[in-house]
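A, B, C, D, E and F are the chain letters, set down in written order, and residue numbers restart from 1 in every chain.
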Amino acid sequence: MKPLPISRYPVPRLESLPEDIRARIEQVQEKAGFVPNVFLTLAHRPDEFRAFFAYHDALMEKQGGLSKAEREMIVVATSGANDCLYCVIAHGAILRIYAKNPLIADQVATNHRKADITPRQRAMLDFALQVALDSASIGDEDFERLRAHGFDAEDIWDIGAIAAFFALSNRMANMIGMRPNDEFYLLGRLPKPAAANR
Amino acid sequence: MKPLPISRYPVPRLESLPEDIRARIEQVQEKAGFVPNVFLTLAHRPDEFRAFFAYHDALMEKQGGLSKAEREMIVVATSGANDCLYCVIAHGAILRIYAKNPLIADQVATNHRKADITPRQRAMLDFALQVALDSASIGDEDFERLRAHGFDAEDIWDIGAIAAFFALSNRMANMIGMRPNDEFYLLGRLPKPAAANR
Amino acid sequence: MKPLPISRYPVPRLESLPEDIRARIEQVQEKAGFVPNVFLTLAHRPDEFRAFFAYHDALMEKQGGLSKAEREMIVVATSGANDCLYCVIAHGAILRIYAKNPLIADQVATNHRKADITPRQRAMLDFALQVALDSASIGDEDFERLRAHGFDAEDIWDIGAIAAFFALSNRMANMIGMRPNDEFYLLGRLPKPAAANR
Amino acid sequence: MKPLPISRYPVPRLESLPEDIRARIEQVQEKAGFVPNVFLTLAHRPDEFRAFFAYHDALMEKQGGLSKAEREMIVVATSGANDCLYCVIAHGAILRIYAKNPLIADQVATNHRKADITPRQRAMLDFALQVALDSASIGDEDFERLRAHGFDAEDIWDIGAIAAFFALSNRMANMIGMRPNDEFYLLGRLPKPAAANR
Amino acid sequence: MKPLPISRYPVPRLESLPEDIRARIEQVQEKAGFVPNVFLTLAHRPDEFRAFFAYHDALMEKQGGLSKAEREMIVVATSGANDCLYCVIAHGAILRIYAKNPLIADQVATNHRKADITPRQRAMLDFALQVALDSASIGDEDFERLRAHGFDAEDIWDIGAIAAFFALSNRMANMIGMRPNDEFYLLGRLPKPAAANR
Amino acid sequence: MKPLPISRYPVPRLESLPEDIRARIEQVQEKAGFVPNVFLTLAHRPDEFRAFFAYHDALMEKQGGLSKAEREMIVVATSGANDCLYCVIAHGAILRIYAKNPLIADQVATNHRKADITPRQRAMLDFALQVALDSASIGDEDFERLRAHGFDAEDIWDIGAIAAFFALSNRMANMIGMRPNDEFYLLGRLPKPAAANR
């Protein structure tokens, strides 16, 4: 069985890309050791690429009440609910690394109610899944429930906005048939020698 | 009954906003005669605001196989499916204006199968709704069906990407309780004197 | 694009109709200034026509704890949930007129949780939507919830019966492809000179 | 365990009812040997009672391309899909009697795909269930499918209108908690002596 | 209309079956007066037959906090939710016999909220249906709700395990098209002379 | 965050178990190097344990048209659809080992349409998911579709029966909160030295 291609659309060669996009790709390659396919496949549309990663960075690299691992939990839980292979696999790897926990990503992707997370994180993911699956039903009582777990209004925006952004991302990946790099599947599953921590 | 507020979050005063965001808002106000609430409410987060509108413009102001009215049809149909009041009302107004058709927006928002559209537009909206509601099921056969109506691969990306972007937009609007400006409800419903066409 | 026909079935000429049905149609024409298509399309079956409008009038022109505008809210909310173009457009117009509110119909049709309504009206529409979408789940606790908002047993029957009647009406309209008259789309959206109130 | 009451609402005494309603009830009692609870419970609202049974009779006692047993099949299949105990039990009894088949009602109520019916009846019930559960999706292709089984346009109206009427009826029964008479459960299940046929 | 066959698969002749399976079948035939089709159709696979009935007996013939009638209620309610004709009809008959109640099976199969059962039995069936339809959502709070009705942990296992076992059974019956024996439809519906009680 | 327990129920000590169950557990421990929690948690009910594993072995260790890897694909795909953490993780590991493919389990669990499988395997999983999620809709046309891919009637029984058995298994695991052993998460993800193949 030949593996599926990484996109239903043509994947641009690096040297054909605008300078800023090529720079971003080279930077991630240096950091990760490989180029995640989301960079190559979305580069088919440079303007959308720029907006996509600007949005991504604004939400995922922001300081605030949510840790980086918690932000990735939101991505993995909602991507699991949307059956998005790329995001479950790629962000599952990132979640394992940030949380330094080799089990958490598969747990959150499959059924967050069975994951080794705190009640506060459970409430966070309940809300994220409501945004992902039934945002029309959100009411003030949902905000109250999160506040009872110590989230402030800006944290709630973060949770909802990450779930909303990956509603977009999951649909793009599903539409173009974005294939996760083979490297992601194993990342963060093995105990690391101390020096290898990022 | 007091009207609901325009957002669950604080709405920044114009003079407190970064220069580029203020400029964008003043520009839209000049064109439309009022400031659509999406600009005011999302300005609560300047970085996300910039990415949001960069993405929006890349998809909605692009040249290509889809007319501007068709792009708005996709927005209205998927926003209707997501029960997003802001996007149905605001983009319904824009659709009426672009299509020069006072009926089309309510038709597409309620049930696109009953709208006065072409079979090609019907196929376009069927795919957009699949992206919105069940993107995991998209397969090559769905691409074939669109190609049979004369859409090329780039058109299909446009359809899917607009549906995906408004999956984000609808969830943000539902989460923060974004209220459509009263002005939108009537826009494009009245026959215009010839000189008033945009 | 040629507009869709007003029905999948033949539409009888006025002069071919039984006297009582013709009288009813002439009466509504005089009052509204045009003949809503529901009268013309359902007249294809005179006996069903008579029962339909007898039922309609028994529910919608009844005195009781619900105002006329509230009865129309129930119609518009449940017809929106059933994606029924005719009823959303035609009863949306009637709701705007009765409520003297140009925004309320689009709000209720799209997402009643975002509408400018009272908590009592919100509870009324929650129950109406339960009758429309999941009547098998109705229990005594749902009656209690309405009673807590001041509805008595007869009011609750009214809410449920209107939702049930439009479950029928929406399905007939969807089945025969009933097209709303163009006139409805604009009705009640413009401020009226005082003398024009009905 | 005390049996549930026959309605959440007061059930009028026969002698307190308007003459025409009492006459109708006495007539059905004479024919059936008992008064089906739908007559007693809906008599709480005389005007709605009259419209309900006028509509019922217009659809169920009409001549046409559908046999009486087929009309009842539509009722039983859609009432099963709506989890309506009254209509499944009461119309199940009527279906057994009309079809002279003691098995058919339970088959159609539980899963019409497993019932001993003709392919034409299978197509009829498929359409009735679409009207009951997803009327917004009905298109010309559904009419074509029925025509291929020999149904004409008037037959299709009958199928759809019966499904639509029982969408109303099921919701009323579920809302008021209408209890089927104990007599219905056994009716039509036993072989009848020749002289007892109706 | 010729009745549907009892299985999509070949039904083994009794004399071709392994001794233990034949003995089990002869035993049930002696007790019931006929061979329920589940024995004949599943005998197509002797090893699976043995495991199936061992599992069935471990759950259904066990002593404990649930009566035999209550165990059958769980079967009938969940089989109704799964639209499984064989199990609704066959276990409906057994439920009527165990409960000595000719109405209970049709009530529980159609809508357990309208059945003449105790609040404790209602809670039992609510949980069984959650196991049948949405087991991923089960949480500690669901166990608490059952404990409040007097169920201990072993009772809850029984409820869940019976619902889980018939999730298997319903799917097998639906897949092979297992037809209920005609005899089941009438069993337990008639008052029995005292001596005929089992 | 303390890990969740391996079951909501008491886990029997090995030495307290009946001889045959202890032997089975010791055998699997020897083979796998650890005791999968499904053996320990289900041993709480010895009779059900015996039937469960007899059924499991009859389906999963059978010879026939499906390879062992294909049988596990069915388990993983349907367990993913049922959000069953134990089965996704444990059988995902077994699938990786049988298929000698470190990627296949995550692909099949998340979205089998995006997995590196053959069209024949895709059809197999489509049917398995229909059995898992909507078995009432299965018709002869579904059998035809599988036959067109070369499956015979016995293969189809295998596919359906495995999906049906794990409908039971997933519900039991979700109900008792069965926790997958940490060891499973990494199994089959690393290239093995030739001698280590099982």
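Note that in this section a contact is a pair of C-beta atoms (placed from the backbone, for glycine too) under 8 Å apart; a residue touches a chain by one contact, two chains touch by 3 or more.
Predicted model, so just to flag it, every value in this text is computed and none were measured.
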Touching chain A and also chain E, the following chains: C, F
Chain separated most widely from chain B, comparing mean CA positions: E
Self-contact between copies chain C and chain D, residue sets same or different by half: same
Most distant chain from chain C, judged by the mean position of its C-alpha atoms: F
Rounded Å distance between chain A and chain C, as computed from the means of their C-alpha atoms: 45
Cα-centroid distance, chain A relative to chain B, in whole angstrom: 25
Residues of chain C engaged with two or more neighbouring chains: 83-84, 111, 136, 174, 177
Every chain pair in contact, whichever chains are involved: A-B, A-C, A-E, A-F, B-C, B-D, B-F, C-D, C-E, D-E, D-F, E-F
Partner chain E, residues of chain D touching it in the complex: 1-4, 80, 83-85, 88-89, 102-103, 106-107, 109-111, 114, 116-118, 174, 177, 179, 182, 185-186, 189-190
Touch list for chain E against partner chain F, complex: 8-9, 44-45, 47-48, 50-52, 54-55, 58-59, 82-84, 131-132, 135-136, 138, 140, 143, 153, 157, 160-161, 163-165, 167-172, 174-177
Interface residues, chain E side, partner chain A - complex: 136-137, 139
Chain B residues touching chain D - in the complex, by the definition given at the top: 111, 113
